[in-house]
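Just dropping this structure here.
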Amino acid sequence: MNRLAGISKKRRVKIALLKALMLIAVAIASGIVIFLAVYVLARGLKGISWELLTTEPSYINDTIGILPDILNTLYIIIATLFFVVPLSVGAAIYLNEYAKSRRLVAVIEYAAETLSGIPSIIYGLVGMLIFCELFGFETCLLSGALTLVIMNIPTVMRTTQESLKSVPDSLREGAFGLGAGKWRVIKTVVLPCCVDGIVTGCILAVGRILGESAALLFTAGFSHDLNGLFEGLFKSGATLTVALYVYTKERAGLEVGFAIAAMLMLMTLAINLLAGAVKRGFKKRRDL
Amino acid sequence: MNIKRRLQSVMAAVMAGLMMVSAAGCAGNDGGTIATDGSTSMEKVIGILKETFEAANDGYTVTYNPTGSGTGITAVSEGRCDIGLSSRYLKEDEKEGGLTETILAWDGIAIVVHPDNPVSELDIATIAAIYTGEITNWSAVGGNDEEIVLIGREAGSGTRDGFESITGTEDICKYRQELTSTGDVIVSVSSNPSAIGYASYEAVQDSVKALRVDGVAPGEDTIKDGSYAVRRPFVLVTKTDEPLSEAAQRFFDYATSSEAHDAIKQAGAVPVE
Amino acid sequence: MKKTRRLEGIIHGCFLILGLITVGFVLLITVYLVISGIPAIIEIGPKEFLFGKRWASTAAEPEYGILPFILTSIYGTCGAIAIGVPVGFLSAVYLSKLAGRRIRTVAEEAVSLLAGIPSVVYGLVGMIILVPGIRKLFDIPDGASLLAAMIVLAIMILPSIIKVSMTSLDAVPKEYEDASLALGATPVETYFKVSVPAARSGIAAAVVLGVGRAIGEAMAVMMVSGNAANMPGLFESVKFLTTAVASEMSYSEGLQRQALFSIALVLYVFIMLINALLNGVLKKRGEK
């Protein structure tokens, strides 16, 4: 049993030290997570009320409601996914099914890598220059959504690509053998098999959109007006995270800030669990 | 093709959700829209005027784009909005360029310290000396023996502009922290016993203490008559020789009338008589 | 037959365009940043801009030296790495090799949660807890400092370091470890002397990724670092490349605004260098 029996004291001390260091590191890391979660939830949960969730902010009554921000977040998610899914799924299909030149593939993948490394403040600036000023959309949810599209292409592209790779070649060859054209094979055999990748990518993208602030401040603005989807897209509006920023900053409304923070944290948790469940669910089905 | 059908039903559900959402958010209006653009400090005043105006005038909508005084002034001169909002006086060249200023209200800039700080009064010259780094310890002005931590706002902020021009400290303040919002200043000062900061009077809360300046405490009356010296104007900027649209004129008249006084007061600013 | 071939050709072309979309966006961003960033650099003078020590953008006689920002960004990133990498790396070894299944699952969930918390929340908690804490702990007049920013950044890069290191540690072939164990090494020795070296390029990638995250973060840092344009010092109030852009953008005009774009360009160059480095590291791993 005792493997350490025949080992010199020096080695034993070293091993014990390494073990201790690892435990300390884990303790620090988990301590931070637990502290942050408990602190934010403790300060935030009591601030979440039905009234907060379902009203507009009112200056006359001096109340803050985040319904417009919830809707704006929803609109921006819908608009972003609307553009990002076809673009990045198409790109993934090209890479996996069409591209023959390895060099081109490497260039495209490098570009995707680069896009995912660009900080959101730069996306904010470039989005402002291109969508708000060059295209003349002004600061509105659509400009924000388009900026987020560029940010999220790599995410959805990567997950789609991974699941495309896991589609067995025998399926494709079988379909080709039956005389189907390439596009037909992709449409009927390959695409349905990679739905899991697309869904996972979308969930991850939603997570990223929820947490984004720097890229949206300069592109989507920060009003809190209640709008419908289509008019809302052309008006300036704050998402939940931006609202969190604005409320804690301009009005020192820390209770509202922490309430939103707690909501965002719970949503993040839900999204992570959902992404995991989707992955597992699809995997199970494929294994059958 | 099970998956295809499933996808279709998901899409249908999403579309249905979309329609419900957009129906819920829709609000019909056909009276007119008044576009305002400018100072972020005027958010509360404009917000409350917007609400009271819209409640009394059915079909009119006021939009507010919080971009900053400079941008608001440019926007009105380029015709991108009806009324510009500025929390500083117009410069001479801006007036010559065809813009008119109408002072809507006054905003006091409170000099704030930690509630535990024994100092509760300073004069303008001392404040200037503190912010330029001539006085660096609270004991020199009757406080504890602690180094003074100067907290201010970022370059370009209307509050900073107002504070520095009144105290004559333009470009020479030795800030320890340059924060980007009123809220940040309040939070930072309230968590540091040796800090001093400045913030819009309406935002001052119990977590910080507002100093008397030249013996005068900031308050509605003292800000209005100017005896509390650290104040700045909230200005409505319009084009000098182009009439406002019917809707914008209506809003302008309302905002500058005595009817609006209560609303402006509620926002923490001081209406002009 | 001819018709279908033409159709296939068109479809192929469409996918090619979609495939090139990431490349297109990278070029677009690069071109835009260069176009909007270069004029101010020329007007101010490259040397004065990059090596000037004073930034006073709204003064009567404005000065635009960004050396303090560049150095702050570099120091801040190094500090975050120095704090974050040991903790993240040791945690990853523990979680990947020693932890039980259940602990591992919970820890992975916690790490994703940490990664998903909006940066504004980190800034808020940092401002309320960390900044006063540093002031009391070190008995200095004010806690908003480079050190506070380093700690916040270190926490923010933890998730990517833990995740990427874990992935590459998991990928070490079990035979390596078995061989080492059979030769009489203890498990802890095996993990550090066999598994870690085998996974070193993945761990290097994790570090580079962390550098990229840290140098690009804006919103959280803005709330804890004090934002005065000082030359960096551990307890000094400082401004980063990112926060310089974020804090002045909304009010800026004329040359000041252009200079902010130039700062963004400098930041972008840093990011591109880091990406190239990351790609090099990953490629090396691929070749092995």
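Read from first to last, the chains carry the letters A, B and C; within each, the first residue is number 1.
By definition in this document, a contact is a pair of C-beta atoms (placed from the backbone, for glycine too) under 8 Å apart; a residue touches a chain by one contact, two chains touch by 3 or more.
Here's who's who by UniProt: A = Phosphate transport system permease protein PstA.
These figures come from a predicted structure and were not determined experimentally.
Peer 1: Measuring centre to centre with C-alpha atoms, which chain is farthest from chain C?
Peer 2: B
Peer 1: Counting only C-beta pairs in contact, which chains form the busiest pair?
Peer 2: A-C
Peer 1: If you average the Cα atoms of chain A and of chain C to get two centres, how far apart are those centres in Å?
Peer 2: Roughly 17 Å, centre to centre.
Peer 1: Could you work out how far the Cα centre of chain B sits from that of chain C, in whole Å?
Peer 2: 34
Peer 1: How many angstrom lie between the centres of chain A and chain B, each centre taken as the mean Cα position?
Peer 2: That gives a centre separation of 34 Å.
Peer 1: Multi-chain contacts in chain B: which residues touch at least two other chains?
Peer 2: 40, 180, 184, 187
Peer 1: Going by the contact rule already set, what residues in chain C reach two or more other chains?
Peer 2: 128, 246, 250
Peer 1: Could you tell me which residues belong to chain A and also touch two or more other chains?
Peer 2: 248, 254
Peer 1: In their complex, what parts of chain B are in touch with chain C?
Peer 2: So the residues of chain B in touch with chain C come to 40, 67-71, 74, 146-149, 154-157, 170-171, 175-180, 184, 187-188, 191-192, 194-195.
Peer 1: What residues of chain A sit close enough to touch chain C in their complex?
Peer 2: 3-4, 7, 11, 15, 18-19, 21-26, 28-30, 32-33, 36-37, 39-40, 86-87, 90-91, 93-95, 97-99, 104, 107-108, 110-115, 117-122, 125-126, 129-130, 150, 153-154, 157, 181-183, 207, 210-214, 217-218, 241, 244-245, 248, 254, 257-258, 261, 264-265, 268-269, 271-273, 276
Peer 1: Where on chain B is chain A touching in the complex?
Peer 2: Touch list, chain B to chain A: 1, 3-4, 7, 14, 18, 21-27, 40, 43-44, 47-48, 50-52, 63-66, 180-184, 186-187, 203, 205, 263, 266-267.
Peer 1: Which positions of chain C touch chain B when the two form their complex?
Peer 2: Result: residues 56-60, 127-128, 131-132, 135, 141-144, 222-223, 226-228, 237, 239, 246-248, 250-253, 256 of chain C touch chain B.
Peer 1: Provide the residue numbers of chain A that touch chain B in the complex, in ascending order.
Peer 2: 57-60, 62, 71, 74-75, 78, 139, 188, 192, 195, 221-223, 225-232, 235-236, 248-254
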